[in-house]
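Accompanying notes for the structure given below.
Labels run A, B, C and D following the written order; every chain starts at residue 1.
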Amino acid sequence: MASQDPTAVERFINGILPENPVYRQLLGMCPTLAVTGAVKPAMTMAAATAFVLISANVMISLIRGLLKPHLRILVFTLTIATFVTIADRFLAAYMYQMSKQLGPYVPLIIVNCVIISRCEICSSKQRVGVAIADGVGMSLGFALALGSIATVREILGSGTWFGLPVMPESWPKWGIMVLPPGAFLTLGLLLGAAEWIGRKRAEKAKQNR
Amino acid sequence: MDEQPTRKGYIGQAWLVILLSLVYGGALAGVETALRETIAENKRRETYDRIPVLVPGADGDKTREVNQADEVIVADADGNWQRVYLAVAADGAPAGWVLPAGGQGFADRIDVLIGLDAQASTITGLYVLDQKETPGLGNFITSEALFTNQFAGKSADDPLTVVTTDPISGSHQIKAITGATISSESVCRIVNRTLATFKQPIRRRALQGGKATAQAPPGPGKDTQ
Amino acid sequence: METLVILVQIAIGAALINNFVLHYFVGICPFLGVSRRVDTAFGMGCAVTFVVTIAALLNWTFTYFILRPSAPLPAWVWEMAGGDPQTEIDLSVLSYIMYIFVIASSVQFVEMYVRKFFPHLYKSFGVYLPLITTNCAILFACLEIMKHLDDPTGLWGVHEALTLAVGGGVGFTIAISLMAGIREELDLCDVPEPLKGPGIALIVAGIMAMAFMGFAGVDQGIQNAIRLLLQ
Amino acid sequence: MLTAVTMILAAAVLAILAIAVAYVLGWANRAFHVEVDPQVEAILESLPGANCGGCGFVGCAEYAEAVARAGADVALCAPGGAGCARRLAEIMGVSVSRTFPYRAVVHCAAHEDHKLDRTPYDGEPTCAAANLVAGVQGCTFGCLGLGDCTRACGYDAIHVIDGLATVDYEKCIGCKACARACPRNIITMVPFKSDRMLVIACSNQDAGPDVKAVCQVGCIGCSACSRNAELMEMKGKLPMIDYDRYDEWADFTVAREKCPRESMLYVGKPSAEDLAAVAGEEMPSRIEADFKTTVDETQWRG
């Protein structure tokens, strides 16, 4: 790894595309597959994850001096669990329909690998400013990934986007897209596409260097 | 690696974890009590909003007021009880009943609200509160046009049966959703079973007189729905 | 007899019909990461089953005695402290933090135990033991068990909790071992360059999920069969 | 009032659980303590962790164990280079001689047109297979140019250009994978004492006339170079450079002038004049398939 750590701005840009948590680092797959049946729940989940990720990053980087090596995972999970419970209660209070639709996947943000890995790699070693930048970058990347998958699945699966009808009435809705197998297939193909684009861009960069 | 901590050392090492759990425990409880009211309100509102739709002629706020004043609990002979909502019109005259019901569907549990008229003799409407049936097939049981409107007008006495062809009008047949016969049958089974158990107690209550009499609830008096 | 039917339904449901990985999408990270070879995958599956059973047992006891809305322990403490017994102490908000706390510490304990008494086993999948803490399957199993927290009639007993944990773990092991078998074959066939690695693994998982959907109606059939058998 | 009560109770429950868990984990930490040699872990920490096998051990973990216990040489890690060797030496408290990075060198200089007496070969496109077939090309020692080394290299540092395996010294980390893969063993690891090293770019042991019959650039063993440079001496028909006594300012100009063939080359980083020579030239844009299916990659199975 580069000996000097990337600066806050670099981490922010990294989070969105170059090191996108879902497409590049293959983290946080559980919620990505589960809630992307439609764009609305996907965006709510991305917003909840963003809130938890940023506040956990801030909290961990504030107390990073006191962390003991063998108990640090416990501290991370405690912090993240607290913020997730707050988010879950907030959702249940003010967006009750959405909370019912997301169901068990809101508490599953606790074990979302993106958050714990960001705490481990970045915020337990960096200042608060860098941690916030990294948190925001990563959650934007996560939201982007979730949005892309949800758009594909919703348009193909139920012919709507954000609930508004997009496809012509005659479009046969692919029920499979909303079902679990559709999630796997969409994500697999999107990963392949992302890899292919990355490869082509790398080749073009190599050629004109 | 680390030195061998003594007994007090174990706790000393983990003082951060203990401090954090104290702080977080307190914070969470604070958030919970702050938001609990709104969450409970959401749950209750979800039911009360449906009442005017289920029972024609009922007024939402009046019913809510009456039902929050005293809970109507009906119980059958062998002790299972169920909270029921008396739907009242704007002037307080009883307009019908709303009976929550639930059971095992195709994939998971299905919760419904059954609307009955004042004498609990005919079903006035059905609303599916909660279901996890297969999207695209089973979850059409929630759609008004396809399924739930068929329940309105059916009599509460004879059990409903599911048919795949067009039902004979006026009979107690319900047309199943294509490709989701199991879900449709489960809904009808839930409705039949709940009506069979609580039909008589509701009718007894209806005869006892318009005003809902508070009956000492056998279980802990709490809003179950 | 009725409880037996429910137990079978939960077990079959968790293992095949609502398979943790293929239906509920939990535990995908190890499912993609560890399924390179069948033996490590099976080892991972057993470790997950073992830990999920411990976690489910511990979490069920905590929930039953502490977290339930009218749980005996806080009520007893409240009475000792002289409060009137009528007020109801509801600590269910602690559920998430308590579950993950129990899971993290039990994984840490299991890791130390395995490192001490089974060094060979620890070497073969040492790095995956801490990974289990962030495995969604375990927390999901605990959440499934506590699903009916607020309506007292629906709360599960300890036997149902254990059945779900073991069934879920077995389902996870089945899915991950099948996946490992397929992926070992995958290395030999011509996979388009960009799809190599996770891309093709996900597509294979999608097809497996379709196959597992075939189990959907099975539990109704089994229930009736058992009822007939026991008549 | 109720909020205060729930808060206290919630905090108390969690605190008690935390204390209990801390106690159990602390006890377990002590009871299940496994002595792990801190030295091995420190060494493992400073190794690059590429598990390339350049040090001759299966992976970094084994190499770390060997260094800590069996006293293996601290400078074997090629990718780690001098920095890693220094760190290991500090950990082990051993003084380390000045180490040089080992890099791969191909002992052959024959491009496509230099090779004579070649027969068309359309068997399996691998050096290992072509090496078994007699008469693929006149010279039975030289590079076959079918790319076994390219496939073996994990760092994209060696490519077959115009029929000859050429090493890209910016990427080569000296992990010896190509040397092991070459069926004709004409790739050796040379300690790069300076940026540019002189190497004998031929491994044909036959007599002069036979070499002339099969190659236009191969060394005919006239031993002119060994007479004019004391670092070289003849081994059979081929000159060998003694790299231990080799140093940057060793003068080989006389030997190179005397050499009638072109089998002594300077390899390593492109020297100043090389760069100047090609500076004007515009990079040819090579048209390649934009994605590689795996067919040409895997061994063609007939």
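Following the convention adopted for this analysis, contacts are C-beta pairs under 8 Å (C-beta built on N, C-alpha and C of every residue); 3 or more make two chains touch, one makes a residue touch a chain.
None of the values given here were measured: they were computed from a predicted structure.
The greatest centre-to-centre gap from subunit B, using C-alpha centroids, is found for D.
Counting contacting C-beta pairs between every two chains, the top pair is A-C. Averaging Cα coordinates per chain places subunit B and subunit C 29 Å apart. One inter-chain figure worth recording: subunit C and subunit D are separated by 47 Å, centre to centre, where each centre is the mean of the chain's CA atoms. Inter-chain centre distance (subunit A to subunit C, centres taken as mean C-alpha positions): 23 Å. If you average the Cα atoms of subunit B and of subunit D, the two centres end up 71 Å apart. Each of residues 13-14, 17, 20-21, 24-25, 28-29, 31-32, 134 in subunit B touches at least two other chains. Each of residues 90-91, 93-94, 97, 101, 105, 108, 192-194 in subunit C touches at least two other chains. Shared interface positions of subunit D, i.e. residues touching 2 or more other chains, are given as 2, 6, 9-10, 13-14, 17-18, 21-22, 25, 29, 291. On the subunit B side of its complex with subunit C, the touching residues are 21, 24-25, 28-29, 31-32, 36, 106-107, 134, 182, 220, 224.
For subunit B in complex with subunit D, the touching residues are 1, 4-5, 9-11, 13-14, 17-18, 20-26, 28-30, 32-34.
Residue ranges of subunit B in contact with subunit A, taken from their complex: 13-14, 16-17, 20-21, 24, 27-28, 31-32, 35, 38-39, 42-43, 46, 130, 134-137. In the complex of the two chains, the subunit D residues touching subunit B come out as 2-3, 6-15, 17-19, 21-23, 25-27, 29-30, 36, 38.
Those residues of subunit C lying in contact with subunit A across their complex are 22-29, 32-33, 93, 96-97, 100-101, 104-105, 108, 130, 133-136, 138-140, 143-144, 147, 192-195, 198-203, 205-207, 209-210, 213.
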